[in-house]
């Protein structure tokens, strides 16, 4: 029961952060600010979903694998964010 | 509730497809196509085709997406293409709609209960020694298709090679790619591929008993290799390389040799003797893995020298 | 259904070319042609062995020992063995012909075009053998794709923009066809739960889905076969490729998808076909003959002329479908008409390959292939001129060619069923063929325009190979004498009977008239009245070969066929 | 309506969309994209059929799934080949459409 | 519980779909690709949730592949749209 | 662009003080971590599975040593692991920070660039630092010129540079820099 509560709370929060990412992507005025919303809110949303799902998995290894998926997404997201940021600055794709 | 999730994913999928087809901007269409590929993976998970989901996510989303982006960039400077006339558009809409309607009617007219070979597979899977039914079909029941498919890939590569400028034959085709060796692209190209290698081997090895297998693994490995190449940390081998050519034919030739062993041991080409079925399947997969990896990676064309010999 | 002991031969026939291709890739450089030659010898022996076996009984092989529907079976029946034999002859001839053209140039370790050519030649062969013997619809799909992937690069071996464009058109259109075929395969599986041709042939019933499937698959395969009006890619692709490659494309590659249509209509779902659809297919064939021939007559370049004549000859291959429809049973039935169709395919494969070879030799010797300036070529290349003439005669259906035999059988069937209109088409088609053969021959035999024309040397081996192939086509009619083919005896009781000779004279005369009427001529000469029709037809053809028009025709054909399938049963 | 039917209908729509793109787009790259859409529609249709045939404890008909994997790889190689051809065309000329030039009535054919 | 999980999966999908407005509107290429990344992360999350619902651990492997390959596609995109990326053909 | 003069001297040349491990030590450390990764994915103790896992780990280590020679720097695993909770916390803070701003109807942001001179030399150390700092609240690194990383900040009113320097001090122990790639 407590575990269910854990799942419900964390997954719901995950949804909220995905929402934050989307709203940021739509509301922020320039490309670089949108990038902030994307890299930060989304990764946290995915992380919360992952942690929320942990008690529902059958094995510890599955949980570790799931966390690894999250870390992988974070790593690639972080690197990609820098590359995109560099690109936006270079191409003048943004308004200062 | 599942129906809701299904519908949401499918509506999104159709929307993205419409964007890919209808969008004006080619780059935007390609971006939509990548999103489409990712979403397809999800839809396949919903259809409980885990193996297919892996393949579609890896090949449909990742590799094809990268291929298309590269192509779109290089075609940017080409002369613009005249848009279709209104008449063509109207007729094309009609044809597309008619096609969709007829197929929808066919889907609704399919017999119930649906025919299936699932129980036949379940009844015979023990003879193959593997537990993943899809691997059993791919490497035992319909192994001819898999063998021919490896040949198809090889042939596609020969076709792509046959397009190379004469001046570059038999060396490295295309311009080597470069990037700042201390930049972030090089950084990720150093960090990610070893991890991808471990994941690729895992997907490959797990494929005998659970979803996964050589195609998915080969796609991952190919993507990692391409990442290394695109960051300037490695080069494609020259087409004359003995090692490369040996790797390219290792898979199909190994497959055929195992098949010939089947003639000797079971009396049927591609037959698997019950006692050694699983080791033989693994042997075939091990032979195919480098071949598929090399071909999938080399099928993504490197930048060509412009007007090298025009 | 039970397996036959010699079945392993079929596996060999399919896999040996591919193994040869891979070993040739590994060997590389100057060893590639050698490995290809060894492979060809091996496959020739295999196919001969298969032929001997099939003469007694069809061969069946279950791969991996798994019986359909779970496994995949290969079957070599009479038509499959016959087609395999024809392909073997043509491939061997093309290999001999191309030995000089695709040798590695001096001073190079390896060159791109020769390597690609030899690998692709073997790949085409393997895929064709696979298509002939495969008993599984999905394996056939893989075979079709193999054939496409092997055929397309042959078009653009020289890397010019025009040939690249032609190859891309070919590839995209063929891919559209493959998708339609695959769609049909998937739907079939959804209804019957098997893809095995023999199992399917027992259970398949006309229904909404099977009719849709037949329409989609036929349309897709026609796109790959380039039957008019789906010939968008054929003329530029076949005319732009190197001669040996054109011979492969025109003589062999299109036969793969054509044979698959035959399998589909005669073996998989003969009961789904209706009278109307069979007539539609025949009508498209007739249209192909008329339009293809007229446009061929108006060409100024020899290779384009031969390419358009291929468009017309493809039409010929589809005339057997309406005649093979058994109205009383409401289904397709094989028999003599099917034999006639296969004979036609065989004679076209050999004759057209040798015609392209001859055209390539003229091009090589003269440095151009402008028909108007071919004068004097006959004196320079007498053997090749003879080759061209013989290939033309074989295509026309002169005694004792295979086409003659086929025509006899089809005419008999048309008379039998009272479908007199196909008689007209058959004889008219022969007249058209005579037309462009005569047109070219007249130019070849004319005296040279400029006496100081430089003539390059061509390989004598190539010339002789082309001649041998043309001769083979011309003598193909003698297969009627072979027991076991199952042809009615006494078909060619007296080939020199007055009625036969009269027919030939009439056809040739008609051909001369057509050539005179439609051919382009120097602007100083007043064009004949028919030339206006010719220009119209030419423009019509140009319009149809635009991408939107061609792709629309594809779906329009599928729709028309689906409608005819549906309404034919309701009536 | 079951989930499988839903997916089948969606597949029909995808195929329709892709067919439209194949006909309407003049740019070869967009044609290749549309080809991929049709292809994935066909695969999805097969997936729906496989789901209908789920039995013996499998989530779907494994034969159909295996065939699909083969089909996806073949479709990818076709895409790669078409793209390579297109890029080669691009490296030789500026004009990447499929329409033929020069017009057929030209008097001076290329050598 | 299943209902809740599927519901939240649905919610994530809808939210991410709304983010695709950036794919449609742009204005820059980078904006479009951000929307694609958002969809990639979102569909990974949905996939994981769905895998937990149907109790199929192999779905995590699919998510793993999606994560790895979407990174690859993203990097290709960055190189594809960058004005001075390597390669000699411009 | 607000420049950031007055950077404390102590950070200069930071992170190059640690001793680089030998090639062998680096290989063993990486091999073990890749093997651990394998075990996470395939927690099976069957000998064949372990054998393949070991093979995968060896291949990955070989690849890693090839593209990323130990001489170009390394991460100190223990210190890095010790910092993990801190990074995660920063990442959570970043998410909340974004959510707070996004859902605020006034949209309280003031984006702009900040230049941040760093002690980390080019290569692994600086890249890792940049990657990790892209996860902390309000900053995304977007390129570097002569040892100065440029950050895009969501809110220039925050003391961004001080925050980054604090991170730098924290990470100095975990990042051992080597020569640059060439």
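Order of writing sets the labels: A, B, C, D, E and F. Residues in every chain begin at 1.
Keep in mind that, in the parts below, a contact is a pair of C-beta atoms (placed from the backbone, for glycine too) under 8 Å apart; a residue touches a chain by one contact, two chains touch by 3 or more.
These figures come from a predicted structure and were not determined experimentally.
Q: Which neighbours do chain B and chain F have in common?
A: A
Q: Looking only at C-beta pair counts, which chain-chain interface has the most contacts?
A: Going pair by pair, the biggest contact count turns up for B-D.
Q: Considering only mean CA positions as chain centres, point out the chain farthest from chain A.
A: Of all the other chains, the one whose centre lies farthest from chain A is C.
Q: Suppose each chain is reduced to the average of its Cα coordinates; what separation in Å results between chain C and chain D?
A: Using C-alpha averages as centres, the distance is 26 Å.
Q: Counting in whole Å, what is the centre-to-centre distance of chain B and chain C, each centre being its mean C-alpha position?
A: Each chain's C-alpha centroid was found; their separation is 32 Å.
Q: As a quick test, compute the distance in whole Å between the mean CA positions of chain E and chain F.
A: It comes to 23 Å between the two C-alpha centres.
Q: On a C-alpha centroid basis, what's the spacing between chain C and chain E, in Å?
A: 48
Q: Can you list every residue of chain C that touches 2 or more other chains, as numbers and ranges?
A: Only 70, 138, 142, 145, 149, 152, 156, 159, 161, 164, 183, 187, 189-190, 193, 548, 552, 555 qualify.
Q: Residues of chain D touching 2+ other chains?
A: Expected reply: 15, 19, 23-24, 26, 32, 45, 49, 52-53, 63-64, 67, 70, 74, 77-78, 81, 85-86, 88, 91-93, 95.
Q: Please list all residues of chain B that touch 2 or more other chains.
A: Residues 2, 46, 48, 50, 63, 72, 74, 84, 88, 91-92, 95, 98-99, 103, 106, 110, 114-117, 121, 141-142, 145, 149, 152, 156, 159, 163, 165, 184-185, 187-188, 191-192, 195, 199, 206, 304-306, 310.
Q: Okay, in this complex, where on chain A does chain B touch?
A: Chain A reaches chain B through residues 72, 75-76, 79, 82-83, 86.
Q: Can you tell me which positions in chain B touch chain C when the two form their complex?
A: By the definition above, chain B touches chain C via 84-85, 88, 91-92, 95, 98-99, 102-103, 105-106, 109-111, 114-117, 120-121, 124, 140-145, 148-149, 151-152, 154-156, 158-159, 161-166, 169-170, 240, 245-246, 248-249, 252-253, 256, 262-263, 266-272, 309-310.
Q: Which of the residues in chain B come into contact with chain F in the complex?
A: My answer: residues 181-184, 186-187, 189-191, 193-195, 197-199, 201-202, 205-206, 228, 233-234.
Q: Which residues of chain D touch chain B in their complex?
A: It is residues 3-21, 23-27, 29-30, 32-34, 36-37, 40-41, 43-45, 47-70, 72-74, 76-81, 83-88, 90-97 of chain D that touch chain B.
Q: Spell out the part of chain E that touches chain B in their complex, as residue ranges.
A: Counting only chain E, the residues touching chain B are 2-3, 6-7, 9-10, 13-14, 17, 20, 23-24, 26, 29, 32-33, 35-36, 39-40, 43, 46-47, 50-51, 54, 56, 58-59, 61-62, 64-66, 68-73, 75-81, 85-90.
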